[in-house]
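One chain, chain A, appears in both complexes that follow, with chain B as partner in the first and chain C in the second.
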Partner chain A sequence: MTAGTAHIGMREYGHDAREAARAAVMLSPAVLFYVIFFGVPMLSLLVLSFWHVEGFDIVADFTGANYQKIASSGLYRDILLRTIGLGLLTAAITVPIAFTLSYLMRFVFPHKAQFILQLVLVSLFSGYLVRIYAWRTILGKQGLLNSALQWLGAIDRPLEYLIYSNFAVIVTLTGLLLPLAVLPIYSSMANISRDHIEIAADLGSRRLHLVRTVLIPMALPGIRTGFAFTFLLAAGDFVTPSLVGGSQSIMIGNVIADQFRGTGANWPLGAALAFVVMAAVMLIVIVITHLIRRVTRW
Partner chain B sequence: MKDIVRTILQAKLNAPLDRRRFIQGGAGLATLTILGASENSARAEGGKLGGPLNFFGYDGEQGPKVTKEFLEKNGIQMNAAFAGAADETLTRFRTGGRGSMDIMTMNKDFQRSVIDANVELFQPLDLSRIPNAAGLFSGFKDANWLVRDGKTYGVPMIWGDEPCIWNPKKWDGVPDRYTDFADPKYKGELVLLDDPFGNIWLFAKSVGVKDPSRLTKQDLDKAVEAMLTIKPNVVTIGASLGDMADVLVRGDASMGLGGWAYQTIIAKEKGVDLVVGSPKIDDRFFWSDAYTIAIDAPNLDNAYGFIDFITSPEANAALATELGSGCTVEKAYDLLDPSIQSLYDYSTVRQPGAGILGTQTVVPKQEAEGDIVGAQAWVEAWQAFKVA
Partner chain C sequence: MVAGSWRYVWAYVFVCAVMLYLYVPIAVTVLFSFANSPRLSLPIEGLTLDWYSRALDNPLIVTALRNTALLAAISAVGGCLMGTAFAFGVLKLRQERTRRVLLGLGLLPAVVPLLVIGVALAVFFRTLGSKPGLFNAAVGHVLISLPFVVLTLNARLETFDFSVLEAARDLGATPGRAFLDITLPLIRTSVIGAGLLAAALSLDEFVVTWFNVGTELTAPVLIWGLMRRGVDPSINALATMLLAALLVLILAATMTSRRAPQ
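Moving on to the complex of A and B:
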C-alpha cells in the first residue's frame, strides 16, 4: 500500500463513518419509537406472563404455571389449532386472489391498473366494523345473497351456512384482508419486466410453468409479505368470529380477550397465551415461506 | 316540567335509531341536563364545585349527555375511563389508582362481595351531601349490597333484568325451563349473549342447583352439559346486547336468551316486533349498578355534587332512558315515557330490600372456596361450551 492509497482509504473510511453516524442519527427516532412503544410493552407482557393471579391481585413472581397450563390444556390446544387452520385457509384463499388481481393489473389491464387498485383500496376507507356488518348484510338469512338466490329460484329456503359459520368467517376475513395482500404483491409484480415473460415464453415455457418458475419467484417478496399479513391478521382477529362466526367459531383471540376483561380475568394467563400464539404463527410463517421458496425454485 | 321532560324523551324514542346513536346514547337528552341543573345543580352542600372529576366505571354510566350542562355550568372537567367489569375497578385502584379515582360504578354482586370481604375500595357516603338520594325507591334505601352497619356505600342509578326476548310471529311464549330450549323445534332460532356468568347461572338454576352463583365442579359440569343440549339450536352468540338485538332484528334468530327489555324498543324502531318474558319455573336474573366514591378520592366535592345531580328525578329519568334501564328514583318513574316504564316490573324496587334484587346473586366469587369453583373456572367452562 502506498501513502497515496492509504490516504484515500482513510478518507473513504472517514466518509463511511460519517455516513454511518448520520444514518444512526436519522434512524434513532424510529428506533426509539419502536423501543418505547413496541419493545417495552412486549417485554412487560412477557414478564407478566410469568406472574399469577390471587383473588383480585396479580402477584409478581416467576412461575411457568401459565405456560404449563396452556401446554396441558386440550381446550387451548383445540382453539389454537382451529385458529391456525382458519388463518391458513384465509391466507390460502386471499393470496391467490390477490396474485391474480395483481397479474391482471400488471400485465392484462396495465392502463386500468391504477383505477382497479383504487377500487381495491377504497374498502380500506370504511371502518373495520362497518365492513363486517356489511358482510353480515350480504350473507344473512334474509341477506342480499340469500334473497337474490331465492328470487332467481336457485334455492327454496335460505342457505343457513352462509352466515354464523366458519364459511362466513373466512369469506369476511378474505374480503377484509384482500387489499392488504394486493398491495405488496402488486408492488413486487410492478418490478417484473414484460421482457422476462416474453423471453420465458420464447424459450418454450408454458403458461402454468411460467407462473411457477418466473412470476411467483420474482414476486416472492410480495407474496411472502401478503401471506404474512393475511395469516397473522386472520389468526389474531377476534371481532370477525364474534360477529359472523356463529356459536362455534371461537378463535384464540377471543380466548385471550376474555383473559383481559371482566370477572374471572387472568392477565398473566392471557399474556402467556399471546406469546404462545405469537410463537406459533411466526413459526408457521417461516415454514410456509420456506416451502414456497423451495417449491418455486427452478 | 314533567310534560317537557316527557316530550323530550318521546322525541328521543321516536327518532330514527342508528347503531352509533344506540351505543353513544340518545340525542336530545342533553337538554334535560339544563332542566335538571336549573333546579338541582351544585347541591353538594358544604363543598365548592369545579376542577377535575375522575370517573371509572361502565361506559355510559357517567351520563355524558345527561350531565354535560351540569359539568359545564360548574366548571367540572370529567375524566372518564371505562371498565369492562366491576372488578377491574379494584385492579385499577390497587395498581396506582388510589388517590386519583373519584367516582366508580359497581354492579350489586361485586359491591356486596367487597363489603362482605371488608376490602378497601369505596368509602361510606355522607348522605347529607346527596339530598336527592332521599328520593330513591324504598328498596334501594336499605338494600343489603349498599348498606352495612348503618353506613351507605353506594347510590344506585339504574337496574334491570335479563329476560328471554322473541319474535311473536314465530313463538307464542317460552318454555318453563331453559333446558327445554333443547327441543329441535328451536333449531337455528336461538341467540345467546357472550356472558359466561349469566348463561351458566341460568342453566345451573335450570338443572336444580340451589344457589347457582356457588357451583362445585360437578354442578358446573352439569350446567355446561345442559347448555350443550341446546347448542345445536344456537345460531350465534351475540358479542353484546346491541349485537344480539341486531341478530333478532335481521331475522337471523327468533329467540334470545338472557336478553334486554330495551331490545324491544330498538327492534320496534326498525319495524320489528319483539316481546320479552321468562321461563315460568327458571325465571331470570336481575342486576343493578350504583355510584360509589373511592377511598382517598381527591375531588370529593365534585363527586358528591355529581352524584347528587344525577340522582335528581330529571337526570335519573334521562339516564334510565338513555341506557334502556329501570330508574332508581321514585319521581323519575313519572317522568319516563310509558314505553320505558313498562320495560320493568317496579314492584320489585318498591319493597324494602328490593325483593329479588336483594336476595339473588349471579356473579361467582373470584377465588375458589373449598369445593366451590371460582370465576376463572366459569370462564373456561364457557369457552369450552363455545368451542364444542
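Moving on to the complex of A and C:
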C-alpha cells in the first residue's frame, strides 16, 4: 500500500522532468544525425568557399578570392542571371497553374479533390531522371510533338527550338516542380470557406477583384511556400539543363556540378557559387513576397 | 446557367490538361519501352520485349539493382526509426514555439537544393577521409528521406489521442508495455507508410548519390550514364522497371496511410 502511494507520488513529482528526459532521448538520434550529416557539411561547404586552389591542391586559408572571381567574371554573372531568370520564369508559370488547379479542386470539384491530390502526389515521386529524359523524347527534333504537328500539317519542318533550349528547360522544370507548388497552395486554401467567397460576391466584388482581395491574401502563406520551393529548386537543378538544355541554357547548377565532378574541378569555387546562388534566390524570394503582399492588400 | 456550365467545362479541361502534363512523360517512357523501332518517334510499328532483355543483359544492371535495393532498405529502416522517434519527441515538448522551431529544422533538408546537399556531403566526407561509395550515399539517402518521414508522422501524431496512453499508464502499464500494446498498433500503418515513402525516395535519388557514390552504381546512376551516351531504347525499359517499383511503393505508402485507424 505504502509502496503504491509512493509510486504514484513519484510519478506526480517527477512527471515533467521525466517527460522532458524522454523527449530528449527520442529527439537525440535524429538531431545528432542532422547536426553531423547536414549542419557540419553545410558549414564545411561554407568554410571551403573561402579556401582556394593552387595547382591541384586545395589550400586552407581565408580569402574572398572565389567570391571576387564570381563577381568580376562576366561569364559567371551571365550564367547566374540566366539561372535566376529561368528559375523565376519557371516559378511564375508554375505557381499560377498550381493556384488555378488548387482553386478548382477546392471550389469546383470538391468531391474529386482527394483523388486529384493523390494523382499529383504520385507524380511527385515517380521518376525524377526518367521524367526529364521523357521530355527529350517528347520535345526532340523527331520527337512526339514535332511528328504530331507535322502529321496534322501544322508545320512543314520540325520546330528546332522545342529541344536543347530554354523553352525545353522551362517546360521540363515546370512539370517536375508543379506538385511541390500544388501541395502548399492547396493546403492553404483549405482554410478558405465557400462562405468567404459568397459573402464577398454578395457585397458586389467582381471576380478578379475577389481573387485579388480575398483568395490570394488568404492563400498567401501557401503561395509564398510554393513560389520559394519552385524558384529555389529550379535554380538549383543541373540535370534538366544538361539533358534537355542547349548551349544557351547552361545554368549555375551545371557549373557547380562541374567544379565537383568534372575535369579541372575547383571545389572551393563550386562551394562559393552554391552559396551565391542560394543567397540570391532567398533575397529575391523575400523581395517578391513583400511585393505580393503590398499589391494584394487592396 | 449556360455560362455556368461552360465554366464547368473549362474547369474540367484545365484539370485534365494539367494531369496530362504530369503523366504524359511517364506514359511515353512506358510506351516506348515496348516499341520495336529504335528511333523514338511515332507511329509505333510493333511491340517487343527486346529492350527489356537487352537491359537485363547489361552486366552492370545486377550490381546497380542490388545496390539500389540495399540503399532503399537502409533509408526505410534508418529514416523510419529516427524520424518516428523525432516526431514523438517533438510532440512531448511543452513549449509550442520549441516544437515549431524543431519541426521546421527537421524539414530543412527538403528545401535545400539536392545539388547543395550532395556537394556539402562530398566535402564533409572528403575532409574525414571517407572514400566515396555506398556508405556515403546511404547517409545522403537517409538525410533526404528523414524530412518526409517526420512530415508524415507528425501529421498522423497530431490526431493521436494521448489520453489512451495516459489511461494505460494509470492502470499500471510500464512505458515500454504501453508503447508496444497501444501506441505501436495505432501508428504502425503510418510508420510503414513513411518507410515505404523513404524507400521510394531512395530508389529515385540521383543527385546526392551522384556526388557521393564514387565508382559504385545504383539504378538511377546507371540510367544517367546511359542517357549521357545518347538514345538507347533499353533506357526506357530500365526506366519503366524503376517506375513500376516506385509506383508499387508509393501506392502502398498512400494506401497504408489512408487505412490508418482514426
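Convention: the second predicted complex is superposed on the first by the 261 of 298 C-alpha atoms of A that agree within 3 Å, B and C clash if a C-alpha of one lies under 4 Å from a C-alpha of the other, contacts with A are read in each partner's own complex, and residues count from 1 in each chain.
To be clear about the criterion, contacts are C-beta pairs under 8 Å (C-beta built on N, C-alpha and C of every residue); 3 or more make two chains touch, one makes a residue touch a chain.
Just so it is clear, the structure is predicted and the values come from calculations on it, not from any experiment.
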item: Clash or fit (per the criteria above) of chain B with chain C on chain A; value: clash
item: Touched partner set for A:31, first chain B, second chain C, both or neither; value: second
item: Which of chain B and chain C A:243 touches, first, second, both or neither; value: both
item: Chain B versus chain C as contact partner of A:216, first or second or both or neither; value: neither
item: Partner chain in contact with A:54 - chain B first, chain C second, else both or neither; value: first
item: Which superposed partner A:261 touches (first chain B, second chain C, both, neither); value: both
item: Chain B versus chain C as contact partner of A:164, first or second or both or neither; value: first
item: Dominant toucher of chain A (residue count), chain B or chain C; value: C
item: First, second, both or neither for A:288, with chain B first and chain C second; value: neither
item: Touched partner set for A:192, first chain B, second chain C, both or neither; value: neither
item: Touched partner set for A:140, first chain B, second chain C, both or neither; value: both
item: Chain C clash site on chain B (candidates 19-27, 325-333 or 343-351); value: 19-27
item: Common ground on chain A, meaning residues reached by chain C in one complex and by chain B in the other; value: 133, 137, 140, 142-143, 239, 243, 261
item: Residue numbers on chain C that touch chain A, as the complex places them; value: 8, 11, 14-15, 18-19, 21-26, 28-29, 32, 39-42, 81-83, 85-86, 88-90, 92-94, 102, 105-106, 108-109, 111-117, 119-124, 127, 139, 142-143, 146, 150, 175, 197, 200-201, 204, 206-207, 210-211, 220, 223-224, 227, 235, 239, 242-243, 246-247, 250-251, 254
item: List of chain B residues in touch with chain A within their complex; value: 19, 84-88, 90-91, 94-95, 110, 119, 188, 192, 194, 196-197, 231, 234-237, 239, 243, 246, 250-252, 363-364, 366-367, 374-380, 383-384, 386-388
item: Chain A residues within the chain C interface of the complex; value: 16, 19-20, 22-27, 29-31, 33-34, 37-38, 40-42, 44-45, 48, 97, 100-101, 104-105, 108-109, 116, 118-123, 125-131, 133-135, 137-138, 140, 142-144, 147-148, 151, 174-175, 178-179, 228-229, 232-233, 235-239, 243, 253, 256-257, 260-261, 267, 270-271, 274, 278
item: Contact footprint of chain B on chain A as seen in their complex; value: 53-58, 75, 78-79, 82, 133, 136-137, 140-143, 160, 163-164, 239, 242-243, 245-248, 250, 254-255, 258, 261-266
